[in-house]
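In what follows, a single structure is set out as structure tokens and then discussed.
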Amino acid sequence: MNPDMIYLVPLLPFTAFVVNILLGARFLKHRASWLSIATSAAACAIALPICFAVFKGGHFAGEFSWLPVGGGTLRFGYLIDPLSASLLFMVTIVGTLIQIYASGYMAGDPRYSRFFAYVSLFMAAMLTLVISNNFILFFMAWEIMGLCSYLLIGFYFERESAAKACFKAFLTTRVGDVGFLIGMLTLFTALGTLNFSEINGALAHGSARAAVPASLLVMSALFMFCGTVGKSAQFPLHVWLPDAMEGPTPVSALIHAATMVAAGVFLVARAFVIFMAVPETMPVVTAIGCFTAFMAAFIALTQTDIKRILAYSTISQLGYMVTALGMQGLGAGTFHLITHAFFKALLFLGAGSVIHGTHVQDIRQMGGLFRKMPHTAITFIIASLALAGIPPLSGFWSKDEILLTAFASGNIVVFWVLTLSAFMTAFYMFRLVFMTFFGKARDPHVHAHESPAVMTLPLWCLAIGSVVLGFPGSPFMHHWFQRFLAHAVPHPEYHPSAFVMSCSVIAAVSGIALAGIIYLKNVHWAEAVAKAFRPLYQLSLNKFYVDEIYSRFVIRPFLALGRVLFHFDATVIDGAVNGAGTGSMWLGAVKNWFDKNIVDGLVNFVGAFTCFLNSVVKRLQTGLVQNYLLIAFLGFLVFIIRELKLI
Amino acid sequence: MIIPLPHVLLFSLALFGIGAYGVLTRRNIIGILISIELMLNAAGINLIAFSKTTALAPETGQIFAVFVIAIAAMTATVGLAIVLALYRARKTVFADEVNLLKW
Amino acid sequence: MDILNFGIKVGIYALMAGTLVLAVGVVTLRNLFHSALCLAATLIGTAALYLVFHAEFLAAVQILLYVGAVVTVIIFAIMLTEHIAERSVAQRNRQSLPALLGILVLIAVTGRILLKTPWAVNPATVGARVTVADLGAALMGTYVFPFELVSVILIAALIGAVIVAKKEKSS
Amino acid sequence: MTSHLLSWITFTPLLGAFLLLCIPKRAHNSIRWIALATTAITAALVGLAFSLFRASEAGFQLVERAVWIPQFGVQYLLGMDGISFPMVVLTALISLMACLGSLTHIRVKGGREKEYYFLFLLLETGMMGTFLALDLFLFYIFWEVVLVPMYFLIGIWGGPRKEYAAIKFFLYTLAGSLFMLIGIVAVYFASSPHTFDMTLLTTMKYGLLFQKVVFLAFFLGFAIKVPVFPFHTWLPDAHVEAPTPISVILAGVLLKMGTYGFLRFSYPLFPDAARWFQPAMGVLAVVGIIYGGFIALAQTDFKKMVAYSSVSHMGFVLLGLAAMNADGFRGALLQMFNHGTITGGLFLLVGVLYDRAHTRDLNDFGGLGAKMPVYAGILTFFSLASLGLPGLSGFISEFLSLLGAYQYSKLITALSAIGILLAAAYLLYMIQRVLLGKLNPKWAALPDMNALELSTLVPLMVFIVAIGLYPKIILEYMIPTLDGLLGTIRGGI
């Protein structure tokens, strides 16, 4: 198989985008989804053999010249190493499944073809990002994903909340992107290249690394991490992700759970050599990831919107991944990225199915849906168990790997925080499950029904993935996945620890049990706890007040600064210009006075004198013809008398 | 010549003077025109008188007298047309009421 | 003979005096119609004077053209505008005294010159008799150009008079 | 024809203008067709020049030279190189689009089309001449020729405060160009033998003090045109009051005359002074970028917002110029071209909306995305291009500018990057207020874009996407000349 075929992987969905956006609304209509799904499936079909070739030890690369920079040129191309192969595998499968699901979920929407155009563009961008071989192409794809995220969050733009949410999402991630851009510029200045393999080559060996100024590398690593913070919704730029739930649910599953937000983690994985070259940057990564994991889980405890709970859960899990990478656990982080993509996509799709069936999003209005939506409920519970970390589901293995990394690398505080977060994760997930699927129906107006097969089939496919995908990284397969990744970037590995595993399991089980006691037995502990720890409860409910802080200390001052500068522009700068104008006018006025009274005075005097003479002489001008005749006659007389010398 | 030439010339001079007086003093434009006819007649008399006495060719004066009569007829017609037009426009035939041509 | 001559002379002087009196009437009569009549009489007087100078053709032209045509036109004009020329309205403007003085000076000055000038009377001319045939030959011969010019001017005057006097289209 | 191709390019619009004078005032259709045909022929001639232009050569090509005023050594000297070539292409393109845009807009504005198109074509001749002239004297004449029709075009067909805006524009620019004139005369007398010929002047050396003073004189002339930060206040007024096609020309071409002047005259003539002023220019660039961005954020008038965004975006050109290295120059020149297409498109879009709604108040709109899907798509496209979305042309040039500037000063670059953030903020805030949200019932009857309006925008979009995806297609025309220029500047060290 020709590896250059890989170019088709992003190009096919891009074709679907072009066709759908230009022709979709008028000609394709409901068939728009077929095109998107077909191209996505074709991309999958092309990508999977290549992935398997890489799994067997292959390595593909290719490039072409793109942009002349400095003395040389930037070359674009693809690089299929273990890291990108893993993501390629995940993205093509999850993406295709979600699109199949969406063709049912979005049925009847007036902007159906537009939706699939955007999703195809997103797929193209995500796949480009995954296979790209340099940071520029990576960044371009990264930004276009941001655009798709923007367009899809604002898909129902008639809603004010959606309009605000997409603006917020784009702008917040853009803050991180600017950091990423600066990081890239720094990197280019330091190394003269942005090509992944060349960066690896430059930094992998100690001697070569010593030639590069460390300060530039630190700067570049930290600035690039800003991109991750924005895209993967890490504290303090996480605020956009919960609001992003305004988009259609398949979008939340695809972009805001499985793929795009994971791209931030992927960025750190891609730039791993840089972080490894300057290990002093790692604690920053760890701290931010760890705090995010804890904070988001804590917020999720009190949320009631089904999608928002999942959104905070996503933030929290992304925090886990970032933490893992910060502790040099490339394998653990990437592993969790893959498994999380499957079960979180499944959770979102399940939630979508619930919303589709009930038309409500607040879990307080749900209840007893298990009977009415059995497929949705069973797959949802599988995914929840995976997320909570119940063995032998995939989430257990990957989360355990992260906890192990924390424990073994000596970050004990991190370990306990993450374990606590795992407990909270289990609790809020099963709070959600129990309130939604069990108990009695709380709202009589909700008439639930199971979703069509086109939606439940992808659910089952993802459920299978959620169950089995943990095994390649589990001790049963001798941590094949971790070793596979270590081909690409060497990083430390740790032996499994029974203590860590048991802590993880205990946390998960106790969380589920507590949720069961409170929400199945209807014990009123929750209210009691909320009362007892009111400040903490408020903190969680109000999402740590981050939005409010931004509003007060960032957004309003920025807008105010804009207005102040505008005022400044209009009064001071323009005022100076107008002042110059007024000054010359004043000077003109003085000169004008002089002109009028002195120069003009003289002229006017001449005029007035003439007028005076005129007033005398004009009396001769009677307008009477006989008068003139008489005068002429008398004049004639005088003339002849003088001429004839008669007198 | 039955009577001396200067006497005839004095007569025509008197006639001319009377006509000129009329031109200068008549308010009515028609009166002015009539006075002009007098002056033209005086000129005609002079022409005839000179053609009978001092001219080299005796018919010259008469021919110019004929021209004078023709001119007089033209003066009368055009002048009276102007008077009528004026009368229609300004409802007046008095020369001193037509004084637009002043300061 | 002397008496006859004397009588003719007296008659001529009387004619001239009468003509002058009539002329004075032309310019002084308040009623414009009367002054037009006086003008006709003056013109006839002049025509008579022409006869004295043996200009019979001219006398006939004078009476036919002047008295018959011009005076008639003038009387028409007077009648068309008559109600303006009422008696109560002053017929003379305020400059009659300076005009009179000026004219008297003119007459005095010019009369003195007339009387002082030694007129070279050509006896051949005095004796010559001009016939209508002579006049026609001169008009069509020596003076054909001024003659044609006068006819053009006459046409122009005619058209001009029609245009000037024509009633404007109601505007 | 090819032997005098540049003259043809320059004076074809003028011929069209004189042809227009012979057409009766009421023959509106003929007037429009002649104007359109003239701009189209000019564009076709530029296309011919494109086929003759050899991308790999650095020097002036298609040079025309004739003695004009021998007493002062003034020549009629036209020539094209990698710096002027993109600008000439841009001028032809933008003029054609603006002319197309005028077809409906000026009819709506109520007539006097003959005068309008006459001035329009005169303007095009001025712009072409400015970019092609290689004799300083000739350049100055064309530079001033641009000014006069612009004054009338704003002053007659403009908005409510058109007289104020036109006078302000005129006086501002005239003040700048007077300084430039002094500079030109100074250069003339400093050169030996006295000459205005650019090809000779670049080979001469001047003392540092002289360079500094004359550089400053030129700088004032060019900076007002760009406009650089403290001299920018004419721009919002002129833009807001000018009729749409003229705003397009103003943003698309006229602003570039300033930065073109830097590249063509200031840098090669006074390389030492340019290096001396490098920090100042960098600071002015970054101030312009951030300042313009913040003010754009505070705007409620659509057109004014786009106008201030120009201040910010032209800052990136200045930033690239201030970097004084290969990447910076490429970024600057490319940004000049891209800003022309992108902001030109944005102004056209403002005009499309204004023609329908007769207001530009951003707070008055809302929810138009559902009502005018094609308009919404294209407006989003141009906004994204303007905010530097990768894959579209704006990103490439801003990236190159920043890359160049980074090698000069990290701080300035980092601050400029805030400008990118601000661009995203004000443009998306605009989109949110215009396209998203609930539909204001006032606008329920607005029709979507028609074919004519689309035809003005689609060619621009083609350029934006093409350059965004594969920038080499235009960069390879610029690089030899820019590298040569860089060699000249470095040679002075």
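The chains carry the letters A, B, C and D, assigned in the order they are written, with residues numbered from 1 in each.
Keep in mind that, in the parts below, a contact is a pair of C-beta atoms (placed from the backbone, for glycine too) under 8 Å apart; a residue touches a chain by one contact, two chains touch by 3 or more.
Note that the structure is predicted; figures quoted are calculated from it, not measured.
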item	value
Farthest chain relative to subunit A (centres taken as mean CA coordinates)	C
Interface with more contacting C-beta pairs, comparing A-D to A-B	A-D
Centrality ranking, top chain (CA atoms only)	D
Approximate Å spacing (C-alpha centroids) for the pair subunit A, subunit D	33
Inter-centroid spacing, subunit D versus subunit C (mean Cα positions, whole Å)	90
Subunit A and subunit B, separation of their C-alpha mean positions in angstrom	111
Subunit B-subunit D separation of Cα centroids, rounded to whole Å	84
Interface hub residues of subunit B, defined as touching at least two other chains	20, 24-25, 95-96
Residue numbers of subunit A (touch at least two other chains)	624, 626, 630, 633
Pairs of chains found to touch, sorted by chain label	A-B, A-C, A-D, B-C
Touching residues (chain side subunit B, partner subunit C) in the complex	1-3, 5-11, 13-15, 17-22, 24-28, 30-31, 33-35, 37-38, 41, 44-45, 48-49, 51-60, 62-63, 65-67, 69-74, 76-78, 80-85, 87-88, 91-96
Contact footprint of subunit A on subunit C as seen in their complex	93, 95, 98-99, 102, 105-106, 109, 112-113
Complex contact set, residues of subunit B against subunit A	20, 23-25, 32, 95-96, 98-103
Residue ranges of subunit C touching subunit B (in the complex, touch as defined)	5, 8-9, 12-13, 16, 19-20, 23-24, 26-27, 32, 35-36, 39, 42-43, 46, 49-50, 52-55, 57-58, 61-62, 65-66, 69-70, 73-74, 76-78, 80-81, 84-85, 89-93, 95-96, 99-100, 102-104, 106-107, 110-111, 114-115, 117, 119-122, 125-126, 128, 130, 134-135, 138-139, 143, 146, 150, 153-154, 157-158, 160-162, 164-165, 167-168
Subunit A residues within the subunit C interface of the complex	624, 626-627, 630, 633-634, 637, 640-641, 644, 646
